[in-house]
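There are two complexes below, and they share subunit A, which is joined by subunit B in the first and by subunit C in the second.
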Partner chain A sequence: MNCESESLLEIKDLKIAFKTPEGIFHAVKGISLEVGKREIVGIVGESGCGKTVTALSIMHILPDNSVATGSIDFSGIDLLSLKENETRETRGRDISMIFQDSLSSLNPLMKVGRQIEENLMMHTSLDSRNRFLEVLDIMHKVGLPDPEQTYKKYPHELSGGMRQRIAIAIAIVCNPDLIIADEPTTALDVTVQAQILELLRKINRESNSSIIFISHNLGVVREICSIVYVMYAGHIVEKGPVNKLFTDPAHPYTMGLIKAIPKRDSKGKELFDIRGRVPSIADSIPGCPFEPRCDYAVERCKKEFPGFKKIANDHEARCFLAGDI
Partner chain B sequence: MKRGILEIHDLRKHYRLRRTRLLKKPGSIKALNGVSLSISKGESFGLVGESGCGKSTTAYTIVGLLKPTEGRILFKGDDVTSLKRNQKREFRKKVQLIFQDTSGSLNPRGTVEWILREPLRAMGMQKREIKELILESMNLVGLDKDLLGRFPHELSGGQKQRVGIMNALILNPEVVIADEPISSLDVSIQAQILNLMNDLQERLSLTYLFISHDLNVVHYFCDRIAVMYLGEIVELSESEELYRSPLHPYTQSLLSAIPGETGHKLERIILEGDAPSPLNPPTGCFFHPRCFRRMAICSSVKPQMTEVTKDHFVSCHLY
Partner chain C sequence: MFVYLKKLFAMILTVLLVSLITFVTFEIIPGSPALSRLGVDAEESQYEALSAELGLNDPLEIRLSRWLKGLFTGDLGISMRYSVPVSELILDRLPVTISLAVMALALIVLIGIPLGIVSAKYGERLPGILITLISQIGMAIPSFWSGIILIYIFGIVLRWVSPGGFVPWSEDAYGAFKSLILPAIAIALPSIASIIRYTRNSIMDQMKSDYVQLALSKGLNLNSVLLRHVLKNALIPIITVLGMIAANILGGAIVIEQVFTLPGVGRLLINAITTRDLPLVQGMVLYIAFIIVVINFFIDVIYTVIDPRIRLGQRV
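Up next is the complex of A and B:
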């Protein structure tokens, strides 16, 4: 995956707010990110940092009480300005999404094969015979045993790993340019997780789809992504190539996250923990949102939230001290 | 084997299923198929395995939330399955459970103070005493006493788990069974809770049975580890040894499947398929349909637990 690859998706200054009876809450506070063709880009962060909401806004499936501003440019189209019926065209065909919990994202009353076929029905002109063959083919491709039998099953009859494969089959059946995978392996066991990651890598390699991979698990992200964005409290605080980010993180939050995972040699030592907790969406923070938990914070951090500081060509972080710690 | 504070011998738990046809014998789900282990005082014993392998069933059976179908549970040498009522009460004080799902295990309609007070009152303590004890233990787990009046939904995930830990520790137990205590928490909070549990173990000389699906965490936290598959222990060893030289093919694949940088030298082994259903387990070794080193004998003969090197037990025909 080279850096000069053309960009497929470009998000600029995306802000997402929710109107509730208690007031307006800002879930995403102006983020910009870019996904190149054939790239696997990771978004990492803890719960409530805005990663899923970002994904939903790309898919145009945010709840009704939300307002999204900024721009999401997908090969020349501004997704945010599309009307509902126009987004239906792209959704599923050009961009598709894999959700975390396949049990609730699949229709419990519909045979899984039909659910894959539905996507073909929406977006292609294949007749029913060819659709059926196509579905069997894609089921085979995602590694489902005995496609003809599995076609007739309902979601509850399948195991978690197999359901996630169905969800992936639905997502890739129309050969999308971009797949958004929102915590696709979180609900799975480690051995099954390894299978699914392998499958996603294969899809990326063979059908040239770009993938946005959202996860809170740094290990998984390290394994599959080439570029990683770290989110905290609605902001992107660091972006960089995966290896640099892990060996030489620049933002204290990224450092903390990496240090907090037990490793081979951490046995018997106290684990590093990031003190305090993630700020609530209702808190208004004038300075750096990470300042109250940061070990390196200086007076200035309380008042100002710095912009991105370049550490290397493709590696930047929103911290005054980035590169100096 | 030396006497452990908590010993389990050949524990079995089978769930009878409803009869589906009139003349057909009803089947049963074999959640535990003869689990034996011995935990010594002061150690952290880890139980790892994938979902459905019987980790939580083991925990619930030990504390008496489930009744074992067969087998014995010994606490300090006494069989707890046949305790009298008042002895049982004493046992429950001494062996406590920390739950995985913090929001599900705390009563949503009670304040933190009420949640903590209730078990103490059930044990017949005086009001004054209770208040003191609660304040003291709030301090112990690092919670501010302003939180006493709050309801669980007003707490963060980490705070809720601290209340859960407090609830387990407040009666001064000797053994604490922690069932996936950190898996519902964010990464930065997980480390806080692990450190807290380590710290409490030192201060209160606790014995832990730590249940998790995360091998890295178990390796970090525990002295000895047992690996479970489909209601059985397939490998048991000192934690460093298990990590360095896993013997059972299942343990090897589990270790190799840990994503990201683990410093593990194993080549990635990707298992085929999912764990089979405990309703209809395979013959012979339960792992053989997924095993990458299976032999002819594996599908017919069940392997026995053998000690391959000192204190390293495995049940596999390869050894």
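Up next is the complex of A and C:
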């Protein structure tokens, strides 16, 4: 895959904070990332590290009590500088999103076909007959059997895999440049998971959409992404091409994540887990946020959080010891 | 179809059970209908004669079977005070009560739900808080007081409507409307306030759902998300409350009918109780039970129309 491709989305120093009665919480603390055209980029991290919030900020659908600063450049437009209503055109047409749990992300009281059609209603001038045909076509494309019958079904009448295919159909029906898939396979059986991954790969190949693939599961990310960003406590701590990241992880957190993937030869042995817990969003840590859980931490890590250290051409990590462990 | 039959059977059983309970209750409580009609000064022989005439001396099982037979033939006995069949008395009062209920419910739905939506849309911002505040005041004002104020303003000061009394629809439809609009408003006010709150809470609850984010991510604006996605999902608790309100009004708007001197079911109930008109009270209790059972049935049906996940008689 070509990593030097033209850039589609460029996030620079994105910070997202939530104002709550208990105070201001910083969910994302200045991240930068880049998605090239036709690329599949992974964002990996434990729950609560800011992955989903980042996705919502790209969509411009963060809750009202949040503030996002920095810049999100999408094909030359800074999305963050626009007002919510000015991004409505882009939303769903140029950038679309697939949510984690298709049972709760689909409207339970609306026929699934109508939910796909709604996207066309918003962004095309097709009449209802043509919209209907378009929906059937896209349902066929995402591998839903008997589109005409499925069109009339409600979400609860479909299986998890079929629902996620509906969610994907909603996302791709307007042929977007960028699809943000937020844990799209987490709620699914392993066999269905593989089918959905294959479908996303096919969409990426055939319709030239870039994909941001958000997951806590490194194994899944390895299957599909070319570039991976590892997030921890609102920061990106490592980024690099997926193969380098797996064979030669530079940040202790990434190492921990890789070790935590169960392997065939680990049968019967105790599974590895990273000790400690993710720092709460309310904690403020002067040094490296991973320091309390890190086996390699030195005195310096407590006071300072290092910037990115280059390990290879396109492989960087925010760790003093990167490349030396 | 089978579920409807099952539901119907359950409804009949409920009404039957209520009727048995009322029958037993009136057996247990001291005093006899004959005595209450004649008064305590009556001669023993008069009392005996009336008791025999009313069938009060028959054995319990005979009276019970007579009562149950009457139930199915629509014969609820004869009122002590009015000396006309109880069913006729209730049927006479129904046009007023039903008109009141329909008008009040229309006001509640047409004003309460839209205001609730607006209030939810603005959430914690000024318009939302303002509507919540006003609705809180609305809930705190008792309807007899707002009724009196309405009579004073529109009936006495402005003379737009005649205060109190009822003109039958068949005589003068406009007059009937005029005589019912103020009491309907008085009944509706506190319920509008509570429907605003239920709508607001239910919508704000639903706004946290993932499907709202998906709808927003399609490029829908907040208004379309609210009206096309959220409202329907938020409707179940609102319908439940509306059903309770409807049952309340149809069971007799006791206070408001009194304030506006309307010949509705509520006043009939008051009269029945104060004059110890036992057959009438018995009939009224049965009527109210019937209303509640029927409304619950309709609400169950509406649930299934709104939410395909709900099947009649069971909730998922």
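The rule is simple: the second predicted complex is superposed on the first by the 319 of 325 C-alpha atoms of A that agree within 3 Å, B and C clash if a C-alpha of one lies under 4 Å from a C-alpha of the other, contacts with A are read in each partner's own complex, and residues count from 1 in each chain.
Keep in mind that, in the parts below, a residue touches a chain if its C-beta (ideal position, glycine included) is under 8 Å from a C-beta of that chain, and two chains touch if they have at least 3 such contacts.
This one's a predicted model, so the numbers in the text were calculated from it and none came from an experiment.
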Side-by-side fit of subunit B and subunit C on subunit A, or clash: fit
Which superposed partner A:156 touches (first subunit B, second subunit C, both, neither): second
First (subunit B), second (subunit C), both or neither touched by A:22: neither
Touched partner set for A:193, first subunit B, second subunit C, both or neither: first
Contacts of A:6 with subunit B and subunit C, given as first, second, both or neither: neither
Touched partner set for A:64, first subunit B, second subunit C, both or neither: second
Touched subunit A residues, subunit B compared with subunit C: B
First (subunit B), second (subunit C), both or neither touched by A:91: second
Inter-chain angle, subunit B to subunit C through the CA centre of subunit A, in degrees rounded to a multiple of 10: 70
First, second, both or neither for A:127, with subunit B first and subunit C second: neither
Contacts of A:299 with subunit B and subunit C, given as first, second, both or neither: neither
Smallest separation of CA atoms, subunit C relative to subunit B, angstrom: 5
Common ground on subunit A, meaning residues reached by subunit C in one complex and by subunit B in the other: none
Complex interface listing, subunit C residues touching subunit A: 123, 209-211, 213-221, 228-229, 232-233, 306-309, 316
Touching residues (chain side subunit A, partner subunit C) in the complex: 56, 59, 61, 64, 85, 88-93, 96-97, 99-101, 104-110, 118-119, 122-123, 154, 156-157, 167, 170
Touching residues (chain side subunit B, partner subunit A) in the complex: 50-51, 156-159, 186-192, 194-195, 198, 213-217, 219-221, 239-240, 243, 253-254, 256-264, 268, 270-271, 273-275
Subunit B contact footprint on subunit A (complex, rising order): 46-47, 145, 159-162, 189-195, 197-198, 216-223, 246, 256-257, 260-267, 270-275, 277-278
